[in-house]
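Presented sequentially are two complexes of subunit A, the first with subunit B as partner and the second with subunit C.
And then the complex of A and B:
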């Protein structure tokens, strides 16, 4: 088949592409998903690091999946629920000790007491306050950003509604939020605590996956951004392992198939065809074409708008804005196949576990001081998970897989990812003696490797840094935050759009809604 | 019965502005200054041999023209001398000049990058549009959306209307300008390191953040929104040094019957119930007044001079958390001849008139910030050098010159302890050798030298930690959050005590706007009392 016709083509079978495709198909559209790799799932899929050892490719912590996506795609039928168990965090300290952050604030406080009585006292109220702020941001994160075009009154109403969603939580709460959200996480923590271990662990949460250090202003925002995704009411975050729980990608693939979505793997798109300012379809790398009035790109905005669409079809200002998106990844990833369980402290917890090496704010900031100049980090901060603990099927019996996120790794030609792998091995060895001997296979990726493997320009998880100047109404670029590119029929649904990355499906569901709304309005006009 | 309607604590420029406006309105005003001379950080120090050091603040642009007119400061001797050019020096002997004439600047930028010359037109237009939006806000108390007061509603509506009136693109630009790092903001326009370095320097002035830190683009705007004689973004010198501004303001205070007392250190604010009723001086004297207005920074006002048990707990905590970080130093130098900066061509002498910066690129500045973070002064600092005597002969003897150097970054405390005279001199040495690299022979022309770290700025001028803005210009401390949430209207939690210093909206720089706004609030309260 060299030419065919569809109602919509989705470029890229990541979780957002699958959500968008399924949502459109459930509304009766004839949809094909084109995935360049041999397997759909993008950064949310699993991969076999060693025969019999399966790791989550990139996303090893899963936030709560978008509730509208779960409802509208009937994902519950396929085993995907919006709620998850909150992780317990063990911060590994240089003296060989550790501090555990439990979902239950009082338990955390009990452990903190050995470090500082005043911190133990301050912690429960602080955790509650952070969660309240994250909660207040959630409506903002879930909704499509309005445009600042007030000739359309709906934009004004949408802004008013968002303002009210924050204001209705009370005057003091709003005032606190407006004060802290632009602060650096270091300032927020140092005003309230004295224990390095607790501050380091929170600092890492604020900056992991971003181009910020804990002393960068606005990192309270990035912390809340992360928390808001993780702490939907009644639901909690967990490693992408959750034993009895289905992986989002598996559930999404089944839901897509049931809705009649056609998924073609090994189908790389060469270009998006545009005529007279309107999308006509796509051309594939093998030369075949698919006609379609709607193309939804799960690829990052820079790839979509500078590689797939010919420059002639986009105006110079728009292309200038797209090229200026800051999308250089800062985070590395190391996967391990292990002969046996490493000897890391395992506090009793109902839910999943993660370990961090981020003993202080200064430690994380010093790591950032290297990556900001594009240098390798001698002593990076780590977030460690062992997905096979919750999901024994991921490794042969008695054996394990480990996934480590590394803050930071530079986007640089001269960066040696394998050297980073060695550093990480040695760091874990210090906390779990004998660890290095149990490594059957190690694979380390810097942003360059992530870029090549997942086709994300810049190798950034979020397809574009999470920062206030690349957020909401100005994400991916000003005036185009509504999932529509400036070409009729071309939509964006990836992490480069509002509200950014994380396996939530929000971008996909919002993009599909934009497509469906435009189709409805178009029909009415016709 | 009080002898005074208003006592102003501190004779810095904002204290004097408030005093002058209140005196002009007919109030009986007393300004109390701890030091022997007035002016705070805006003062000139007459040295031996006919040199005048413009000790702390050194250039002028932000001072509000409305104040100059209202108080007739020209009559009281204030004259601003605009400079015709400025220059940024790189590492490799290259330079980038800027001129008061836009087209000339554009041609100079084209020498480095034709693309940047085109982008400069867009940048200048964009920044001007943002300045026009923000300038009317400078002389207004910031409306606070978090209080829910009736008076804020029309103000907020007006602000919203003006914002919307900018048009959609400019509104997005505002969102980014107020949130981006200066590096990210400039990267969208320019590629030339020298141009970006020159602009980024203004965004880190007085700021304990590097150019890669989000929020620094706002500080760039903060330094663009002034003007000299209506030319927005232009800078100049006050003839006779920055002390001339203070002297002119003092003239206006006295003209309207206000009193100024120096060597009068306040040690405590006197209270009666929840009201402030006067001040106690170090001499033991107590002076009562209907209102007391503090131009000191909030740490001094609320934590040092106010009896501890008087403050609501939350307010006290916010003041304790208020970020006021020293990050700047100053070196004042008397020279027996003009320095010769090798990179500056002889046929462009006007480039020496304005500020001569050493700011080769953004990474250079970020590295300088890294030193500050680790508790040392920058080994390779951002230098902002000016030689006012080139256009103002009153500040140096014939043939001699006065040079004043602003240095970023210098920490208030060093990693290995407090500042000592030896460490201060070592810091001075870093600055001198930095200049000597660009102007060989400069050292031999030095006849007098004064080195000031944040330690000296705190000890002498009374700036906490030596912070020149009375507090960081970050979004959590700007507009309705300045100095702390709920108290941005120049009033604290106690009756009778007002704030008028740079820690209030719209912040630091020799602008006078906080002093002006505070005076309006005080007068409005008095009118209400009279009406009642």
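And then the complex of A and C:
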């Protein structure tokens, strides 16, 4: 059996694994990334659905990339910036009409006036309020979650800084945030609006990718979580002149190679070797081993702590907490290769476009009812993007690729993903007549397929549901929110850690910082 | 009519007519005697003849299977490989944060057969710890009746009852014997700091066991004891008890109330040489850290009043409190177990104890000088001889 030595092994070559590996390598560590698939990049990578047609594998709406990651990894050199253009959302309505949500509030309000004068009046203030709350939450998303340890000065400082970031926005806003954050998004919206279309579109944003319906508690929080991730703080809009945004994975792969990171694909890890409470390296599925005092796992916390590390090495209560992480995926994905651009309304916009089918809160909640009981959803809510609009290289000239997120799809063996693909095709056909004939190739995945393809347990985008009780200091489990597993030298860097999923690289950069800090201090991971 | 709430142990029909005070209390859903006639006389019997205490309500878990020893080593802080078949040992167990959940005894019948005895329900914790192992864990509490025979004449009683193996049974030894068709397990264990044994039989054999023992005791008799007398003996012996010296970490909310084995004087019972066990990492950090905040100590005080629930001062500073206090009939003085902040836990330190008592109905307070001494107040050679 072959055996080799490294300073650090990264399990899984998702974007966070690549960020962590590159950051460590830039500090002089000898790092290898082990990716089970034939291609690194995880959910953020592209894949060829049909010869010449490339789709984002899972993540089709890209949030702003972590600014520290861009800076520390010099990702700008490889074309990746943290700038982002806010998407314009077109809500497709059952009567064939539509309602457009522009980044600009007044523009949205103008369109809303046709539906309701009072909603048009309420919208700008509401959007401003949501953004202010998202801004208040953002510092929590960017930084490592502090521990509830008041004896550690550094920690106390971090706690104080976070408290201040919310409080400094004024008593009124703090009070309002504390009130709305635990509410269901349905209650919040129904309190402000009367137009189903606007409420349905926002409700979908609040629940997409999570195991919640719009009437589930604290879905205002999940909405703010999404907003805070999508809008970079003070980011300049990317040039609107069709300048294609660099795909993060391509930039990351180049940055990793330049930093000397070795990436092995088709290298599945069988177990993490632990002796006397300390990480010793990994054993691969082919029987070979790699010795390393540091292992950073981009796999989800449940897989890492219940499959890769033997139960012999972990405390029973820790294992129990990890097993209790809710990670049932509820979102399906349908990819299309299209012969021509579908006939969907295309308002002029400076940034990316997306279309949603979520005509009312009730529509989304009814869809959720089905998945709650493990059933296929007859009329799911959809988020549709056409990535080849922004990046024509993704498809042959004049042809297109389409990526659809489906809310919801059950995590179930009996679920027929292709049936979901047919349902989605028929739904789009209703809004874009002739669409079905243009489909050259369709591929549909339920949570089971996503689980198998990306190795994410439960098929959950976020490696663990986004909810107030699985967030910040208690993500992935209470007491272990600092990217360190309770084994010396074992770190977590995937979406299951704070601040959750989304292609931002925050988890990866924070995990790498934890590794480097522990190395500097010669200290056991706490 | 409401049915009686508490269950009766298989010894109840024997013990109830002997309980002249009719004083019973709860113990894990069973009725257990508080006192039979007079706790002073019951205590005297512990130290001078032989007593019986019904320990059937104690939780008893049977552990069997190829990975039984591996399971136990994941659970406890000591190394089960230091306990050979035919032996028992005392051990604490902790949660992942290194806080004590409970302490109890482990019996090793053979390589792969064990019994764990403790005061609190632990099945869920045990099953969680056993994840992935080939081991069977059964709560056998209501299937096994047990009697604790404590006192200098206990060995003699067992031999006369026909359990001749008791003659050579060493301290913390275990023997499986047979009285006619009654399988009997005898362990040389107890909670009194005296010579003593615990006898374990099938529930249906409880009455027969008692009759057998009573016949063997003949005119010397066996004194049944209640919890008050036992508590006096256990404090003299310096045995800690869950809910007295420490809370169960699983059900305690206030982190500062949870105790570590280091605080309870159990550092000898933590074996870092073995592989991982629940709490190992946290305990190692505690060991390498600044040391425990509190320490379990013994206190001796002047006067006859037990310093129950006393706050302990050094000057004006509160430095601890007593957890259990009695007037010790053996030492002829007032003693207490106490948790004291580490700097004041050194032997010989003098603290002020606020002792409360009532004169007629008036609540009175006297400040007594409490001297810190080792918490094992007595050490009777016959306990281990």
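Please note the rule applied: the second predicted complex is superposed on the first by the 508 of 526 C-alpha atoms of A that agree within 3 Å, B and C clash if a C-alpha of one lies under 4 Å from a C-alpha of the other, contacts with A are read in each partner's own complex, and residues count from 1 in each chain.
We adopt the following convention: a residue touches a chain if its C-beta (ideal position, glycine included) is under 8 Å from a C-beta of that chain, and two chains touch if they have at least 3 such contacts.
Computed from a prediction, not measured in an experiment: that's the story for all the values here.
Judged by the touch definition given at the top, the superposed model places A:175 against subunit B, while subunit C stays out of reach. Looking at the shared chain after the overlay, A:319 reaches subunit C, while subunit B stays out of its contact range. Of the two partner chains, neither subunit B nor subunit C is touched by A:128. By the touch criterion stated above, A:346 is placed in contact with neither subunit B nor subunit C. Judged by the number of subunit A residues each one touches, B leads among subunit B and subunit C.
In the superposition on chain A, A:277 makes contact with subunit C only, not with subunit B.
Contacts of A:216 after superposition on the shared chain: subunit B is touched, whereas subunit C is not.
By the touch criterion stated above, A:486 is placed in contact with subunit C alone, subunit B being left untouched.
In the superposition on chain A, the residues of subunit A contacting both subunit B and subunit C are 320, 479.
The touching residues of subunit A, counted against subunit C in their complex, run 274, 276-277, 310-320, 479, 486-487, 524, 526.
Residues of subunit B touching subunit A in their complex: 146-148, 164, 168-169, 171-173, 175-176, 179-181, 184-185, 187-188, 209, 212-215, 217, 321, 323, 363, 366, 370, 373, 474-476, 481, 485-486. Per the touch definition, subunit A reaches subunit B in the complex via residues 147-150, 171, 174-176, 178-183, 187, 191, 212, 215-218, 320-321, 324, 326, 365, 369, 372-373, 467-469, 473-474, 478-479. Contact residues on subunit C toward subunit A in their complex (touch as defined above): 70, 74-75, 95-97, 125, 128-129, 131-133, 275-276, 278-281, 284-285.
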